[in-house]
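Sharing a structure with you now.
So that you can tell them apart, the chains are marked A, B, C and D in the order they are listed, and the count of residues begins at 1 in each.
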Amino acid sequence: MGLKAIFLNCTLKQSPEISNTRALIDKAVKLFEELGVESEVIRVVDYKVKFGVSSYEGEDDEWPLILDKIKSCDILVIGSPIWFGVRSSVTQLVFERLDGTYDEGDPETGQFPLYGKVAGVIVTGNEDGAHNVAANTLFNLTHLGCTVPPNVDSYWVGDAGPGPSYIAAGGEKHLYTNKTVRYMVNNLVFFAKLLKNNPIPTNIKRLYEDALTESE
Amino acid sequence: MGLKAIFLNCTLKQSPEISNTRALIDKAVKLFEELGVESEVIRVVDYKVKFGVSSYEGEDDEWPLILDKIKSCDILVIGSPIWFGVRSSVTQLVFERLDGTYDEGDPETGQFPLYGKVAGVIVTGNEDGAHNVAANTLFNLTHLGCTVPPNVDSYWVGDAGPGPSYIAAGGEKHLYTNKTVRYMVNNLVFFAKLLKNNPIPTNIKRLYEDALTESE
Amino acid sequence: MGLKAIFLNCTLKQSPEISNTRALIDKAVKLFEELGVESEVIRVVDYKVKFGVSSYEGEDDEWPLILDKIKSCDILVIGSPIWFGVRSSVTQLVFERLDGTYDEGDPETGQFPLYGKVAGVIVTGNEDGAHNVAANTLFNLTHLGCTVPPNVDSYWVGDAGPGPSYIAAGGEKHLYTNKTVRYMVNNLVFFAKLLKNNPIPTNIKRLYEDALTESE
Amino acid sequence: MGLKAIFLNCTLKQSPEISNTRALIDKAVKLFEELGVESEVIRVVDYKVKFGVSSYEGEDDEWPLILDKIKSCDILVIGSPIWFGVRSSVTQLVFERLDGTYDEGDPETGQFPLYGKVAGVIVTGNEDGAHNVAANTLFNLTHLGCTVPPNVDSYWVGDAGPGPSYIAAGGEKHLYTNKTVRYMVNNLVFFAKLLKNNPIPTNIKRLYEDALTESE
């Protein structure tokens, strides 16, 4: 059963600049590989993604290329740096564009395109803010239809104040981060298989109609 | 397969005062009942729960009574009012006390006591803050071992500024809230059954040891 | 004493599209005018602002045009829509770019370029998230050197779930928002005058050296 | 001009247990003393403070003792530990109780009791969450009437994951924290003097009436 993982690396830096978030993503990619899961890492800022809240924002908008990949994956992992204590503008841009998927509900069940996908988050910053980034990001993903297994956030941050980033600080040897990236990968794979074999049956459309009746 | 749901109502008001959060919880209880799931609603502030971060904080501490119920449920729903844009002190107190469960990992797998439970959140406030409450609360629950299915937050808030609360404002007729409480209940029940039949196999303990090796 | 206010409208929509956030900004502009304060509203997305964390990100980067205006103002107001419960990607982009100002401390006092400016925030969304946007935005501004007087956030949000935005919902008649925009404008003007006559004397550079000694 | 600073230490631990947050507070106290400002540190959990949102929650409620001290200070600093990425339940309890002060507006100006006070925040945690705690706490304080000068947050956190707390980790030698506590103290003192000599003149009551007219 070929599972596919997509990582959206939401660093601010275009290729080929070194991305710290990418370095932690690579650990997850390697672990996925050991479990037979194929990964693709997309650096969002290498694409021309326009600001907006629909799935297509006109000529030259390359978001549809990314959205297609998202729709075809089983496991979606958002990788974000921290800036000013919160997720990067590129991460936020990704969510704004995913807003468009709410309009693409399945004609029968009403389920959004991300229903049935399993999601996790990877965060790096030189200090403080990982909980904030992870909490908002995972929550937003559940709204869009994703399932969030236990312990599917992995992050590295240094101590208070400015300082070296993940790679320069030797974060790749940090036990907590190395532990949690393993928890994340294993739980994502278990749930992705489980949901592939047991699709969520909830009929959003019918439930909406029940709610309409109650709300009159 | 008798599933059991526990709601922790984290209102600031002791019984028998009217709790708006309870009114929305009751909608979920009724929907669970229709799907054959038994519910118990615990108003935390009716118990003597001491401040602290362990599972037992000494004589007169009634947290162990609540913790036992949490450990025995399949579905855990946190109900929180919003104050100053964030979750109530009672909700935060519950999480601080749940910190103690990290020390009670399964001897073989290392899984925490909340592993395998499915979680959701209910929020009411007279205005603004539901996303913040839901995001932090669901994220914290995943850290403790819970699984978060899609669309398992249901909330009601009025428009900007002070105003009537859920019951007085007629929130019980609010379509969005009535829709989302249905999504929540149906997805929680599906996942609770799924995980009961397919326990999460991840061996946290072994993965920790792998991480130790990598981090040396 | 000619005071100058700069509004950064961080809507996702380019001119000439209608911006709800702009409609609320316009109320503040009018009130400033009544108090003799001149305003300029900048729609950030109309400029080519590159992703990054410095004050100049290479050819075609129009951020320096905006930064010059920010540096010359007395009062800085960030206007942000809410998307997914948090501030817009454009707002976050603005802060990432303002990170560059930390490197431009005054040679003598070490004060950053935004020291001595007074700041406020305007938020609109069809629902929930204003506290989150305002809290992070005002806090980030204090880090950059701004002073935050009491009651300098003004926001409009509708009740739970999708719905009409500020203009379509008749938010312009919403008492709470109309009240708080007045509090904001009056307190910003009082503090801007106060700080113009009484510049902050704190010598950041000297305090840093004291801290160095203590930390050895 | 005798300025007075009040620190609310919102640790979960009762006296005489060692509080890490207190250790950082003590640094600020010493710096205030050097500038001629008298400090009082209140450990909230040593008082019987009831849950609620009014200024008096019935017999045995010791909140009024704390509130009196808050009302009489010039500088208010909230000290909070981080638990689960956010501020402690005791900190949140303090804000819920401060909600009661909104009802005590000055008969003439409508200004709340905290108007004219200057506020800062101190945060300690073994890891991640300081931005979240500081942002919400300072924002809530501005709503209650406080002024927030630049750089009035001082925090210490260790790197990602569980680990030693402030004292055990040698945080008292951490340059960033030692630097920011100095920025905080100096800016708080400057602004406290400034506002004592130049009280905020804003008439909230009159502005409310103007808003009423506009909103009809």
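Everything that follows uses one rule, which is that a contact is a pair of C-beta atoms (placed from the backbone, for glycine too) under 8 Å apart; a residue touches a chain by one contact, two chains touch by 3 or more.
This is a predicted model, so every value here is computed, not measured.
Interface comparison, A-C versus A-B: the pair with the greater number of contacting C-beta pairs is A-B.
When the contact pairs of C-D are matched by residue number against B-C, A-B or B-D, over half are shared only with A-B.
If you average the Cα atoms of subunit A and of subunit D, the two centres end up 36 Å apart.
Once the centre of each chain is set as its mean CA position, subunit A and subunit C turn out to be 29 Å apart.
For the pair subunit A and subunit B, the distance between mean C-alpha positions equals 23 Å. Residues of subunit B found to touch two or more other chains are 84-86, 131, 135-136, 139-140, 143, 174-175, 179.
Taken as a graph of touching chains, this assembly is complete, with every chain in contact with every other. Residues of subunit B that touch subunit D in their complex: 12, 45, 51-53, 83-90, 92-93, 95-96, 99, 136, 139-140, 143.
By the touch criterion given at the top, residues 114-115, 131, 134-136, 138-140, 142-153, 173-175, 178-179, 182-183, 186-187, 190-191, 194, 198, 200-202, 204, 207-208, 210-212, 214-216 of subunit A touch subunit B in their complex. The part of subunit C that touches subunit B in the complex is made up of residues 84-86, 127-132, 135, 155-162, 171, 174-177, 179-180.
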